[in-house]
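The structures come next, written out as structure tokens.
What follows is chain A paired twice: with chain B in the first complex and chain C in the second.
Here is the complex of A and B:
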């Protein structure tokens, strides 16, 4: 669910170029799509959009390698948040 | 006595052949290996007809291979020119042609690109892929195994020969090459090694790429001490908590980078959870370090020295300031400090008088052996930058005009106030706004264009372009960005593009940047 929102954000705000195709598996780091500034902007966007706090130790390549990875990370945070909320 | 950069390596290899010279993520080179491999690669260059004074491009990220290539080029008596693999083809091609580059050394990942560049540059006869063989593999050659040039009495290298050319942004639309001699480089290297008291046990790291003059420190000053140069894995600097762990694990003792990387580390690196006692010296240069973030960094690294180094590429580092520890949060700008050994810096006010009292303002000038030779094949620009020292009328002596406005503080340290011209810093890189504007004007639909810096705590500045264009839809914006990306390195591509019907003008008809900036400031 989160993947569409993330893909859209990266396309419109970071890549800003329709000629560059972006799918869920596009390697964001190897392709140089995310640099340190873009990464920070993306983290801020994720926190605001999904209402989660991205911890410093979670800003790691595994969580930001692709739209798929970011989406998986957000979902895992959501699960954790709802579990914590339930107890 | 050492008078060439290459002698640093041969001495270190003789003194401590088995010590680690370069520690790359997947490879280690001892001093003996670095010396031998660069000898082999230098022979390949000679066999390819590269001679004394020729320019050799290095198209590769900072790696064991590119460090070997730099030493090989110098051993051949030639001068190396870093080509940033992240720059667009057009810009690289411009540099290759302007330099009259004879050969390019590259790595496997960039080999195809190097060949494509060579296809458009008649003088570029040789492309060598470094590794896996120490001598490299020649993938393009002129067919002649020419030693004809070399056989004719080729001069032995001397310290006024060029060692490297570093390309920086130029205001009139094309990059300019800052040509640095062995002597100028060694003036910095010797001072830097002493200033940081480098020892063979040190592990020195700088994430700055080869085309950035910060790399002179970790490549050559490290070697001068026989210490170990540690190369940061690609993209690790983006992930502050990982970078912090890596610095701890690699036992880095001396770090040199632009402030933005350290700002990220201070705010997101979880440094207090790490054991960073080995990190004894942290050096930053390239832009102003915001006091707030520097204080936060120093709180987390109470045992380390923190040095602010200043100097345009044309002078390498010319002043240094050690930030005093244990004085609580810093306020105000970090001073540029005072002149390095064997360099002289002084400020001259607009009326030609020297700045001698705290609070007086003037432009900073630099003289000394560390100055550049000049801008490559740009005599007019060189004359404007390297002027006759205005304070020494008795005889001609070059002084470099930095274009930086400074004042003196109560402790007689120079303090940076601003620029005289359209040069700004972003991500530690210097950028001439005029170069971006020239590229924008090159787009057929753009009638007028102006680029304004928007101050940003992390980046120094973001770039905001205001353009008057035939069209102003979203497609036009993408097209303009694409146009810029094809011609400029990423850090020079505007972060924001705005459309406007016309640009405000001053009474003299110039674009009113002040008014535009205030509009920018109030609207954001």
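Here is the complex of A and C:
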């Protein structure tokens, strides 16, 4: 579910009216869709939208290379929060 | 939002100011003229605990939160007239020590943090290049893998602390990758073959903080000196910049407080046309504006530090850096003007604050870049 929200945000707020095709595998960093400022904005959006704190050490290509990677990262944070809440 | 100060925090700020007044300004006029860094003052700061203040206690630091660190730097800026020394301290703390704490391996932390905290080692990071300033990730310094080493070649410019540094966190680009995903960071010891300080740079202000150009000529860096994973350079840089934007001008709050008090005292004592110059509205207005700028800057910096501790302060940090730097220049100009010809003389020390303040709208992201960040965060 998070992939749709992330894809919509990137299309609406970052790509806007540029002619860029975006799917879950589009390489956001390699293609230059996410520059450093866009990445900061996206991180703030993720924190507000999903109620998680994105640590500096987590803002790495492995977690932000594509919509799919971001979604996977958000889901893992949710899982971690659930586990912490259960203990 | 709650950043009301505890009694302990107020005491720490006052203790830093007392310490700074006693030890740090020795021969400042001559050192400013000669561009001389004071290693004695640097070591004194380490003994007081400045360099290690925001570092966790388990790593040998003071374990202070960021707001407390800001308050101590404010006290330091109030008591110490050597803005260059404070700039050098900031450069090491925010651009090298905190990235090491956040991204470094245990071995890297153990190798460098104790010396940096004790004042025995001096360090900084190196990002800026002749062709890439605000557009930092367009850097041309290249890194290529060679078995268990990395080979780095390039030139870094306007690097604070470079002539005195023992270790530099060097950012370099992998040539076959994009500029956002292809930057890595490496701890480079300055006695590494191929590493050299090529040119010392004379500055308008902050003259006691040495600056130089660095050359890396096929420097071979062991893999264990890479900080974070390959491609984490942008994350490391952004993390350092976030703290720098929030905190680097905390010392300027102290300097602006000192300026304000000096100007009030002068405006009450200096008489022209049969009365203190502070009785003239044109002078009194300047003092009121200095107070207004100082209080607004203080709130913005405290807020950015507090929000940073909660997790995110992108817009608040940009606002704090932008407003405080421009306020410091404006108040420094007012301080010179209120003191008249005396304020323009080097012996007054008042013009030195102005020269030191001018750089603040340039380093750690220019005012133009802070406005880009702010407008971007507002959705433009």
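What we mean here is this: the second predicted complex is superposed on the first by the 85 of 87 C-alpha atoms of A that agree within 3 Å, B and C clash if a C-alpha of one lies under 4 Å from a C-alpha of the other, contacts with A are read in each partner's own complex, and residues count from 1 in each chain.
As a working rule, contacts are C-beta pairs under 8 Å (C-beta built on N, C-alpha and C of every residue); 3 or more make two chains touch, one makes a residue touch a chain.
Small disclaimer: the values here were computed from a predicted structure and weren't measured.
**Q** Does the superposition put A:23 against chain B (first), chain C (second), both, or neither?
**A** Neither: A:23 stays clear of chain B and chain C.
**Q** Specify the partner with more touching residues on chain A, choosing between chain B and chain C.
**A** Greater contact footprint in residues on chain A: C.
**Q** Which partner chains sit in contact with A:57 here, chain B, chain C, both or neither? Use first/second/both/neither.
**A** both
**Q** With both complexes superposed on chain A, which partner does A:65 reach: first (chain B), second (chain C), both or neither?
**A** Once the two structures are laid over each other on A, A:65 reaches chain C alone.
**Q** Which holds for A:34: it touches chain B only (first), chain C only (second), both, or neither?
**A** Touch partners of A:34: chain B and chain C.
**Q** Looking at A:44 after the superposition, I want to know if it touches chain B, chain C, both of them or none. Which is it: first, second, both, neither?
**A** A:44 contacts chain C only, not chain B.
**Q** Where does A:13 make contact in the superposed view: on chain B (first), on chain C (second), on both, or on neither?
**A** The answer is second: A:13 touches chain C but not chain B.
**Q** Quick check on the output: what are the common chain A residues between the chain B footprint and the chain C footprint?
**A** Residues common to the chain A contacts of chain C and of chain B are 29, 32, 34-37, 39-40, 56-57, 59-61, listed in rising order.
**Q** Could you list, by residue number, the parts of chain C that touch chain A in their complex?
**A** Those residues of chain C that touch chain A are 102-103, 136-137, 177-181, 228-229, 231-232, 234-239, 242, 311-312, 314, 372-373, 376-377, 379.
**Q** Contact residues on chain A for chain B in the complex?
**A** 16-19, 29, 32, 34-37, 39-40, 56-57, 59-61
**Q** Along chain B, where are the residues that touch chain A in the complex?
**A** 86, 235, 237-242, 260-261, 264, 268-270, 427, 458-459, 475, 477-478, 481-482, 485, 490
**Q** Which stretch or stretches of chain A touch chain C in the complex?
**A** For this pair, the touching residues of chain A are 13, 29-32, 34-41, 43-44, 47, 53-54, 56-57, 59-62, 65.
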